[in-house]
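Two complexes follow with chain A in common, the first pairing it with chain B and the second with chain C.
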Partner chain A sequence: MAGMDTFAERLTRTIARGTSRRSLLAKLGLGMTGAAAFPVLPVARAATHPEGPAHQTVTSGTIQDPGDRTTCDYWRYCAIDGFLCTCCGGAVNQCPPGTEMSPITWIGTCTNPADNRAYIISYNDCCGTSSCGQCLCNRNEGDRPQVRTQSNNDYNWCLGTGSSVYNCSTAVIVGVALDHPR
Partner chain B sequence: MLRQSGRKWIGLLPSALALATSSPALADGAAYPAALPAEPMPAVAHLPAAWPKSWVLIHDFNFNSIVDGRVVVVDTASANQPLKGIVRAAQFGNALLSVKRGEILTAETFYSRLTRGTRTDAITFWNLTDLKPTGEVVLPGGKRQQSVTYPQLFQFTNDEKWALVANFTPAQSVSVVDLDGRAVLGEIDLPGCSQIYPTGTRGFSSFCADGSLFSVALDATGKVARSGTIRRVQDIDQQALFSTPAWVGRTAWFVGQRGVLQGFDFSGDLAKMIPGAFTVGTAAGAIPEWRPSGWQVINADAAGHLYVLMNPAGKEGSHKDGGTEVWVFDTAKKVRTARIALKAQSIAVAVTREDIPHLVLARADGVIDVYDAVSGAFVRSLGATVAYNPVTITPVP
Partner chain C sequence: MTVRIRLLPILGLALIGAAPGTMPGVPDAEQATADYMLKCQGCHRPDGSGDDRSNPPMRGMVARFLTVPGGREFLGRVPGVATTNLDDARLAQLLNWTLYRFDAGHVPRDFHPYTPAEVGSLRQNPLRLDRQAVRARLVARFAQTDQF
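Up next, the complex of A and B:
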């Protein structure tokens, strides 16, 4: 995992340098690997999904990108934590209208079951509109207390945006980590 | 029409009365010779200056509208009207209860247009009897840390005359605030360290990413007087300590994700690690194993017993799922003294300071359950009637 963390950190630094916030990020001198999204507790799982019909399936339409993007099981969500933007007016790789995408993200490495490649997924938060409240997805594998900033999903990572109000989280493919993972 | 035509609701009265008089369900008025008296208004309920020890503050993260987070005042002894009042804790807010000050304090963030506009961070003071704000201190820089509710992001020091506020931009620092003077005294840089554990007369400690514990003693003006580090107090990979401890006086007991129980003495200027860590142990009935799990996962009663939420499906990533049992520990003998089976998976545990202490559990479905802390017997459920997302519980001291 240490190797992966280092890789993720390097990638995140690369992303950070490419953003308009680079001077801020450089000044802070931090890796900016962080819990993308955000805080999600089991309690929220129940409260945000009252009894009622589930969301209808949303797929890519491409057999190479399989799965329902409204469910936590979708392959890109392997390290996501928050409301899924697919259910919030956005998409798996787009923020909903009216929001601003956070330049500071948590990077995950998820294996696509269709082509067996490990993809780098960037979990950019969408900020500036109140909580979406739909399709909460929470996984805590690898999560550590806030003392290890880059491994904690309890922070609000709507940082470097005009507003820190959190709306939902995306899961954007930014590259291939491994063509043939183990 | 009635005289007070400006009050629209009064205009509805004639039709309401007509409906009432035609109702066959109405009893014979002769049985009740006197009409119900008119009731004074406006009328607003007040709370007692001294809150009963069955009361707790519960932080409602209000996930579906985080900008409208709140803390709720709850009487755990009342089955039918447990919710006594609400205090705002906006946008990942934090709250402190001070009986000594007669106040609740909230540290919050606001935008001038609710979700956009100019950001203002502030501490607000709320009176305990009417839950109305009495003043505020604006925190400069728009840097107050926003996280799911951790008590350690907003703490008292200096005998509750000062508050410490965690900042995260993501550069980390702590603001020192003179509450009585309504002024920010200064800011302590805290690179690589997080959260605030009040230490000594004036000061705090924080855990750091390298596994160490850093302590700062402050002088009378809020500047750093002295600092110190204890190295390797935790193994963040294998046995990370849950951030929120159980406080027994100035001793804080932390539980690790794999069950170690470790105490720290925060009474002096610099923190000390208490020798003799022990573990929660194990028990049958787990697949694969019992591990601590929840949000406010450990707490203590007035006698110093520890109560830990335990999950029988413990594995990597299970640490926030919540527990189905509470295990009780005697820290002097380093033994488990009881196992309390819960009615439902719960994520936060607290113990009241009543003569007969009660366990208060916040469940994953928002329900609040109350147990006898000594016998473990279930006492009552408050239902999901006080908070949407109850995440931390603070008993009246």
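Up next, the complex of A and C:
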């Protein structure tokens, strides 16, 4: 019993000698700051947004061409199958830097909700660097089976470019469709 | 003087007749333009230029097929034409429009525009894998008659 008493006394004296009386406050403060800062770390942000980083809204600025071009709901994307160049450093009609726009494209029509007319849309792919990986959009309206090669969008349309590596897709208006398209 | 004045309206009419807006066998050029965009342009390019690796050029080229035997039939049987999902009337119009739009200079003087019936019968028998060989033979044929 006396041994235990001696042991406890030595332990207490060792701690008292090795620590200051205010160190508890310092350690508590450090812990509180750390706990407050933890959600700001990138790890925590990724955990709370599993769908990926949010993109800033990109609009045309005119009511004739409504919608957010970084979302799959934008009217021109009605037949798209791929990553939206607007989310990849490019634009709805422009390739990101370092990529090359394919001259050979998948062409379809989409209805503009502003005037209810069908517009002819050319989905030029951007090629040359590996997949962008942002804003995947796969709507495929008017897509045809692969036996109709010229109307199927599951193919890699990076044709006629220096590289056939796919990066992202644009949606360029090339004309106005007539009343009875097929 | 009076003769000249009388001639002017006739000259005007002649000019209208030769205007680029009127193409034989193309009743609705606007429709043909839209059909070209939807069915052809994606591969053959907006200006018909194409390339020699993927899609053959049509600009300055396509009407030359009409000058060699079998060429007229080839243009109706080549897969991109024959298997396009347009009815015979719109396909015939699109074919005629393509000839005048991209290669008016080579359209023969005695050219009769494709009719829906002719296109309808040609597309019943589309070319498949033999398209490249047939095309190469025809190109070699009209290359022989080059005036350059």
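Throughout what follows, the second predicted complex is superposed on the first by the 118 of 182 C-alpha atoms of A that agree within 3 Å, B and C clash if a C-alpha of one lies under 4 Å from a C-alpha of the other, contacts with A are read in each partner's own complex, and residues count from 1 in each chain.
FYI, a contact is a pair of C-beta atoms (placed from the backbone, for glycine too) under 8 Å apart; a residue touches a chain by one contact, two chains touch by 3 or more.
Predicted model only: the values in this text are computed from it and were never measured.
Student: Which partner chains sit in contact with A:Gly82 here, chain B, chain C, both or neither? Use first/second/both/neither.
Tutor: neither
Student: As a test of reading the superposition: which chain, chain B or chain C, is in touch with more residues of chain A?
Tutor: Tallying touched residues of chain A, the top partner is B.
Student: Under the stated touch criterion, which partner chain does A:Gly67 make contact with: chain B (first), chain C (second), both, or neither?
Tutor: The answer is neither, since A:Gly67 touches no partner chain.
Student: If we overlay the two complexes on their shared chain A, which of chain B and chain C does A:Ser122 touch? Say first, second, both or neither.
Tutor: In the superposition, A:Ser122 touches chain C alone.
Student: If we overlay the two complexes on their shared chain A, which of chain B and chain C does A:Ala177 touch? Say first, second, both or neither.
Tutor: second
Student: Quick one: is A:Leu159 in contact with chain B, with chain C, with both, or with neither? Answer first, second, both or neither.
Tutor: Once the two structures are laid over each other on A, A:Leu159 reaches both partners.
Student: On the A-aligned overlay, A:Thr105 touches which partner chain: chain B = first, chain C = second, or both, or neither?
Tutor: In the superposition, A:Thr105 contacts chain C only.
Student: Taking the superposition as given, does A:Ser131 touch the first partner, chain B, the second, chain C, both, or neither?
Tutor: first
Student: On chain A, which stretch or stretches are contacted by chain B in one complex as well as by chain C in the other?
Tutor: Overlap of chain B and chain C footprints on chain A: residues 104, 148, 159.
Student: Please output the residues of chain A touching chain B within their complex, sorted ascending.
Tutor: Residue positions touching the partner: 28, 30, 32, 34, 38-48, 104, 128-131, 133, 136, 138-149, 154-156, 158-159, 162-166.
Student: Write out the stretch or stretches of chain B touching chain A in their complex.
Tutor: 61, 63-67, 91-92, 109, 111, 114-117, 119, 145-148, 150, 168-172, 193-195, 207-209, 236-237, 240-243, 295, 316-322, 345, 347, 362-366, 388-391
Student: Spell out the part of chain A that touches chain C in their complex, as residue ranges.
Tutor: Residues in contact with chain C: 103-109, 120, 122, 148, 150-151, 159-160, 174-178, 181-182.
Student: Once bound in the complex, which stretches of chain C touch chain A?
Tutor: Listed in rising order, the residues of chain C that touch chain A are 30-31, 33-34, 37-39, 41-43, 45-46, 51, 53-55, 80, 83, 85-86.
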